[in-house]
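The following pair of complexes shares a single chain, chain A, combined with chain B in the former and chain C in the latter.
Up next, the complex of A and B:
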């Protein structure tokens, strides 16, 4: 007897949207709603024991973090269903495009881009004040909702709970690197991100101080030669 | 154009003579190998590299000037024919770097040649690109001093991820020191060999290389004392943990940049376990490695694999595993019989003896290194 595969029943395998580093993303119609299914599959390059542990850990924490972020009033996809056997999360499809795509397409005017950056800072501040660390803050993990233009965060696969300024600082540092490496042509957008963060965070000074130390910690900053 | 380059950013001192098409005419090098359980310190390493009579008398160390002579002799050229002199400008260990810089300046004055300072990291990547023909790969740069995921974006090489504490090679070296593994030829190589005998996975989960290292160091003392596991098990666990992290971060960068090609450069890139991991992550992988010991079955893992290796010890049967394999090797020690094994096999080697053996075997597609370009045309 072959095992029942819910993804196959939904016809998901024909609708692969993306294969990211975390897993496969399918787009299906689930309970008549456009749904994104994120499936974590076995990583062959990892030791099976280590892989099983990491997959389970990230699956659980992603589902929990999505819920927590929602409670904090951040736009995130709503969870419709979780399948702990196949490590699948069924969630709302956010209509719109990623911030990365928007910046690359040139869909955003410089003023609009600055507004979006400020909004990113505000959202991250809200997340951090609530004690949640995203863990993979890049512009590909941020969506601009169609119509309203509101900013939504996706991919909480590496997120965790923490109130430490260290974790918040590292989170910001990851975001800064993402901005510098992918969007350096779009001007100094990260300044606007920090600006948005400063205006909305309750712990701005301590987080910023720690962020500065984390930044200084980056290796070979000067790259002599 | 001919260039002579001196590299001395860490415990290796090397002199290379290269033509502008990427042909390596000679590349003699010496490694400062310290006793097991110890590392190399900048001062001693610099003394090893330079022409220091007091030090050399006691230890019979090779020095940089004989290496320069050797490089010129092997390449069969005179200083007059050189167009420029290059040296590693950084980053690296201060003392050893100065040795290369000073010698280059001296030679420049003697021979009246211009100097070009080279960034070590960029050199690693560019060297990889020249020889593999990769256009726009994600680069995993893993060595004793660096651990970075780099990609070319918006006109510059940009670091997409890097270790913020210690480099992976440093992590491996220090772990080897704790186990008192030999530093000859390299600590990482000996960990790799020992790990093959290990099977039990000890929990070494942490998020930073230094964290894993301190944990492993404690584990070495405690677990070995209680005989809970063997050094081989520890090496095995150590590799599994750190390489899983490296492959994952590379995979993330690939997803972020939308790139399908990976180039592994740097000393740790020689590690077969790491290469197999990267092969598992995506197709169209370019491997660039030195001292690679291949095992049967590796090539079966991915299609369109391009292997580029120096000092390759091949075992019979390996080549039969994958079709369309392109091997580019210097100083290849092949065993007779290997060449008959694979179809569509393109060997590119500078070892004359091998070329003769291949010709006898009826394999026409053996090219000397100087026809490097033709091979890449063939690939396209």
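Up next, the complex of A and C:
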């Protein structure tokens, strides 16, 4: 007998939204709600034992990070179901557009863009103060909710727990690179991000100092000697 | 009473009934424990389900486990109650979210129920059947906060419904 597969029952395989290196994303209806399913798949080039371990680890850590972020008071998708057998996370589809899209298609006035940037800083500060690092802070992983306009974070696939200023600094550095490469036309928005972070973080000075160091040397630490 | 279906299981239904001021919870509990209660159903402390959505989330997961032949508890109905707690501790989950002598308001859920089965549930439960819309008015806030351990920050940004469903959904990752 073949194993029961909820994705097949949902007709998800015809509704692929995106495919990346780590997994696939489907959009289905689950519990009568628009739902995003993120599935991590097997990688044939990796040793099977190692593959199983890594996939499982990343799958559980993503789900846990989502819940932790929610507990910290950050807008994140609600989790409807985690399928430990197929490594699928079923989560709420956030209605709205990404910050990246909003900045690109000119939906935001310069004043509104500054407000959003400050909001980003505030959200990241909350995340970091709670000991959670997002790991992939880019403007395409931030959503502006339809209606309320609140800022939601998505994709916690690279997220991890840490209270080290080094990790927080690198997280901010990744975000700065994202702003510089994608939104240099929108003016100096990252200044507003830092401003929002400064006003809402309890550890601003130490994080900022480390951020300056990271900025000078790049994301990777040089391991010499 | 209301009837729900599931996208993952086209043929299955779930009937949910809500009873207020039930006087024979102790008897129902005893009957459940003896395993002789017919028709079998999930009996839930209605004070812990502020909206129907948490029941549906738990029910859908129970259906999926059943289809895989991987139920953790004895039946699909007890699995529903167990899932509702979002915890891996079976006894504790059933004790907290199932019924006991002390419970007044009872929510009964039965998969693929026939008319006659619903009738016998109504005859067995001694209480007033009420509309599901009053669920939010009979919620035991103190208890629900204690069991699900919400933080103030998360209730400030999202609904309690989402907070509960997230805890139910994430159980396999904890």
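Here is the rule we go by: the second predicted complex is superposed on the first by the 206 of 225 C-alpha atoms of A that agree within 3 Å, B and C clash if a C-alpha of one lies under 4 Å from a C-alpha of the other, contacts with A are read in each partner's own complex, and residues count from 1 in each chain.
We adopt the following convention: contacts are C-beta pairs under 8 Å (C-beta built on N, C-alpha and C of every residue); 3 or more make two chains touch, one makes a residue touch a chain.
This structure is a prediction, so every number in the text was calculated from the model and none was measured.
A.B. asks: Tell me which partner A:101 touches in the superposition: chain B (first), chain C (second), both or neither.
C.D. replies: neither
A.B. asks: With both complexes overlaid on chain A, does A:6 touch chain B (first), chain C (second), both or neither?
C.D. replies: It touches chain C, and chain B stays clear.
A.B. asks: Should A:17 be classified as contacting the first partner (chain B), the second (chain C), both, or neither?
C.D. replies: Neither partner.
A.B. asks: Thinking of the overlay built on chain A, is A:184 touched by chain B (first), by chain C (second), by both, or by neither?
C.D. replies: So A:184 only meets chain B here.
A.B. asks: Touching A:90 in the superposition: chain B (first), chain C (second), both, neither?
C.D. replies: The second partner, chain C, only.
A.B. asks: Residue numbers of chain B touching chain A in their complex, please.
C.D. replies: Against chain A, chain B makes touches at 88-91, 117-121, 146, 151, 153-154, 156, 158-164, 201, 205, 240-241, 243-244, 247-248, 251-252, 254-256, 276-281.
A.B. asks: Within the complex, which stretch of chain A touches chain B?
C.D. replies: Those in contact with chain B are residues 19-21, 43-47, 49-51, 53, 136, 138, 140, 177, 180-182, 184-185, 214, 217-220, 223-225.
A.B. asks: Mind pulling up the chain C residues that touch chain A in the complex?
C.D. replies: Listed in rising order, the residues of chain C that touch chain A are 6-10, 53, 56-57, 60-61, 64, 67-68, 151-154, 156-158, 162-163, 165-167, 169-174.
A.B. asks: Name, in rising order, each residue of chain A that touches chain C in their complex.
C.D. replies: Residues of chain A touching chain C: 3-4, 6, 9-10, 28-32, 59-60, 63-64, 66-67, 70-75, 78-85, 90, 92, 150.
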